[in-house]
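In order of appearance the chains are A, B, C and D, and numbering begins at 1 in each one.
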Amino acid sequence: MSLSNEEIERYGRQMILPNIGRPGQLAIKQASVLVVGTGGLGAPVAMYLACAGIGTLGLVDHDTVAVSNIHRQVIHTEDSVGIAKTTSARQALERANSHVRYVEHNLLLDASNALDTLRPYDIIVDCTDNVPTRYLLNDACVMLGKPLVSGSALRFDGQLTVYHYHGGPCYRCLFPTPPPPETVTNCDDGGVLGPVTGMLGSLQALEVLKMVALGESAFAGRMLLADGLAGAFRTVKLRGRQKTCAVCGDEPTIKELVDYVQFCGARPDDKTKPVKM
Amino acid sequence: MVSLELRFSGGMELLFGGTKAVTVDVPLKAGAATMRDLLPWMRDHLLKERPELFMDGDSVRPGILVLINDADWELEGDLEYALKASDEIVFISTLHGG
Amino acid sequence: MSLSNEEIERYGRQMILPNIGRPGQLAIKQASVLVVGTGGLGAPVAMYLACAGIGTLGLVDHDTVAVSNIHRQVIHTEDSVGIAKTTSARQALERANSHVRYVEHNLLLDASNALDTLRPYDIIVDCTDNVPTRYLLNDACVMLGKPLVSGSALRFDGQLTVYHYHGGPCYRCLFPTPPPPETVTNCDDGGVLGPVTGMLGSLQALEVLKMVALGESAFAGRMLLADGLAGAFRTVKLRGRQKTCAVCGDEPTIKELVDYVQFCGARPDDKTKPVKM
Amino acid sequence: MVSLELRFSGGMELLFGGTKAVTVDVPLKAGAATMRDLLPWMRDHLLKERPELFMDGDSVRPGILVLINDADWELEGDLEYALKASDEIVFISTLHGG
C-alpha cells in the first residue's frame, strides 16, 4: 500500500508529526475502526477518524435522526431528520473525505449479530448510550481479542478509558455486576451539553489514532474523569485485568454472548422521550 | 479522628446534598479503621437520601468506582484499606450516556 | 424574547440541565459570539455554538479552504476547496441549524478593522494561528471590555484560558513581550492532529456556553494545559490582572490598536506552505 | 543540594533533548537559592541547544510560562522565589496554533 500525492497533501499536517510520519499515515490508511453509536460521542469520533484518513470506517446505529439530537450530534443536519443515523452520518463524512471506505450497519446490536458485526474491524469505539450495549460490546471485544475505546458523557461530565488493551482490564473487570437500572441516567433524561460530548469524542478519536499509528494508548488501565463545569480533569490508575473476571479472566464463565437486556434489567433502546420542562 | 477529603462526582454528589467535595473529621482511628468502617459512617452521617443507591451489602453498590488517592481502590485492598490522615477518597458514579 | 415549541424540542436535552433551563437557553439565544478563525479550533467552536442555539454567530477568516485543511478543520468539505472559509463554514452551519443568524467577516483582521468587527459581539473566541492576531484580539477585547476565550493547539498539545474576564489577566498581563519569531511554530509547520484541535475547540465552546448561560467560566485566571500524547491534563492558577499591564493596567500606555506585525516581527498570514517530508 | 522536579512542555522539551520530566539534585542551597540561580544552572547543565531560546537576560525568554507547584511563578515572586526540596517547576512554551 502507498500514499498518493493527493493523500500526502491532504494528510501532510499530521504526517509532519515526528511520531506519525509516512509509516503512521500508512497504518491509519490500513486500519479499520467500528464506531458504535453515531450520536453525541460518535459524531466527533467519526468525523475526526474519517478526516484523518482511516481506511475503513464502520458506523453502527439503529435510530433515525431527530431534531432533538442536533444540539450535540453535530454530524447530522436538519435535512436528515427522519432518516437513518448511519446514512446521515455517512453522507456527511463522504462530503469531508471520499477516500475512506464507509460501511453502514443500520441495526440494533445484540447477542445474535454483534460478533459478526465487530469481527472485520481492528478497533471498536463505544459511543453508545446504554448499559446493556456496553456489556455486549465488552464481551464481544474480549471474545474477538479487540480493544474497546470507551467514552461516556452526561450533563457536564465525561469519562474515557480503553478496555482490554495491553493487559489492561475489561469493563467487567471493573464492573462485574451491572448497576441497578434506577441509578442509570441517559442523556435524553439527564441532559448533556454538546461540547462535553465533543470533547470526549475528540479524545476517543485521538486514542484510536495513537493506537493505530503508535501502537499505544494513554488510557489502557487508566481512566479520564472530566468535570466540564469545574474545568477539572483527573486521570486515575485502574486495577489490572482480573484473573477472576467472568469474561477475560483465567477461567472465564461467559464464553458466548448472553441476553444483556435481561442481565442488566434495562433496555438498550434509547429512543427519545418527550422532555418534561 | 481521621481527617479525610471526600469527593463525589458523576451524579454521586446528588445523594450527598449536591456536595462535590468535603473535608471531614471522621471519628475513626487512623491506621486501624478501614473503608469497611467508613462506608456505613458516611451512609449514616453524610448521605442525604436513598441509602440503597450508595451501599449494597457492606460495599458500594454496583456502578460506583471508588478511588483512593487517585487509584482504583481495588489496587489498595478495597474494603480492607486502612485509612490514613489526609487520604482523598473519591466516589464516582460511572456514566453510560453518549 | 421567547422560545418556540420547535426550539424547546431542539434544545431540550441541554435545557433539562438544572443550571441551564429555560433562562439559560434564552440567554444563549440572546447572545452574540464572534469566532475568529474557522480552522482546526474554529470548526468545533462554530459547530457546537451554532447547534446549541447561539443567537448570532460571527465568523472571521480571510483564507480559502485547502485540501490540507480538512484533516482537522472538519467543518469544511471537499466541495468547498477553493472557496472562502467563512462561506464554507456558514453553509455547513446552516445545514445544521437554520435558527441562528450567521455573519461572515471574510477579512484579515488588523488594527484598522478589528474594533468595528468585534464591537457588536458579547464574547470573542480566539481560534487563530498566529501571534500578531492574538495580541490584536487581546488589545481590542480590553478596549471594548469583552472577554476573550483563547485556545491554541500544536502537535499533540493544547492550551486554553479566558482572558479579561471577572478580574482575570489579559494576554499582555501574562506576556508583555511577544516571543521571538523563531520560537513560534504554527500548525502548518509543526503539525497537529485533528482530535487535539477538536478537544480544545469543544472546550472553548463549553466555556462560551457557561459564560452565557451561567455567567461564569472555570478558566478566568486559570489555564488548562493538555498533553494529548500522555493523556495528561493540568489546570494551573495564573497571575491576576497586572496593574502595570500596558493595555489593561491602571495606567495603560496602549490606548489604540498598534501595528501588530511590526510589534511581533511576524506576519499574521498563515498561508499553507508545501510540506517537507 | 536541592532536589527538584523539572518538567518541559509545549515544545520546551525539544531544547532539553526531548526530556519531558526529570528529577534532579541541583547543587544549590534549599531555602536560600532562588529561581534566579536555577535558570543559569539549567542553561549550563541541562540545556542541549540554543540557549537564547531558553533565557533572555537573567529570566526566561518571552513566550515561556513558568509554573511553580501548579501556579504561575509570578504569584510566587518569579526570579526571587526561594527553592524548596521537591518543588515541581514547569517550563511551558505557549502555543499559538489553531
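Note that in this section a contact is a pair of C-beta atoms (placed from the backbone, for glycine too) under 8 Å apart; a residue touches a chain by one contact, two chains touch by 3 or more.
By chain, UniProt protein names: B, D = Ubiquitin-related modifier 1.
As the structure is a prediction and not an experimental result, all values here were calculated from the model.
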Where chain A and chain D are represented by their mean Cα positions, the distance between them in whole Å: 39
Chain centre separation in whole Å, for chain C relative to chain A (CA means): 27
For chain C, residues contacting two or more additional chains: 155, 187, 190, 192, 230, 235
Contact graph of the chains (line, ring, star, complete, other): line
Inter-chain touch pairs (all): A-B, A-C, C-D
Chain D - residues contacting chain C, complex: 9-11, 20, 52-53, 61-63, 65, 67, 70-72, 74-75, 90, 92-98
Complex contact set, residues of chain C against chain A: 6, 8-17, 19-20, 22, 44, 47-48, 51-53, 67-68, 70-72, 74, 76-79, 95-98, 155-156, 187-196, 198-199, 201-203, 205-207, 209-210, 217-219, 222, 224, 228-233, 235, 275-277
Chain A residues touching chain B - in the complex, by the definition given at the top: 37, 39-42, 126-131, 134, 151-155, 157-159, 174-180, 182-187, 190, 192, 197, 223, 225, 227, 230, 234-239
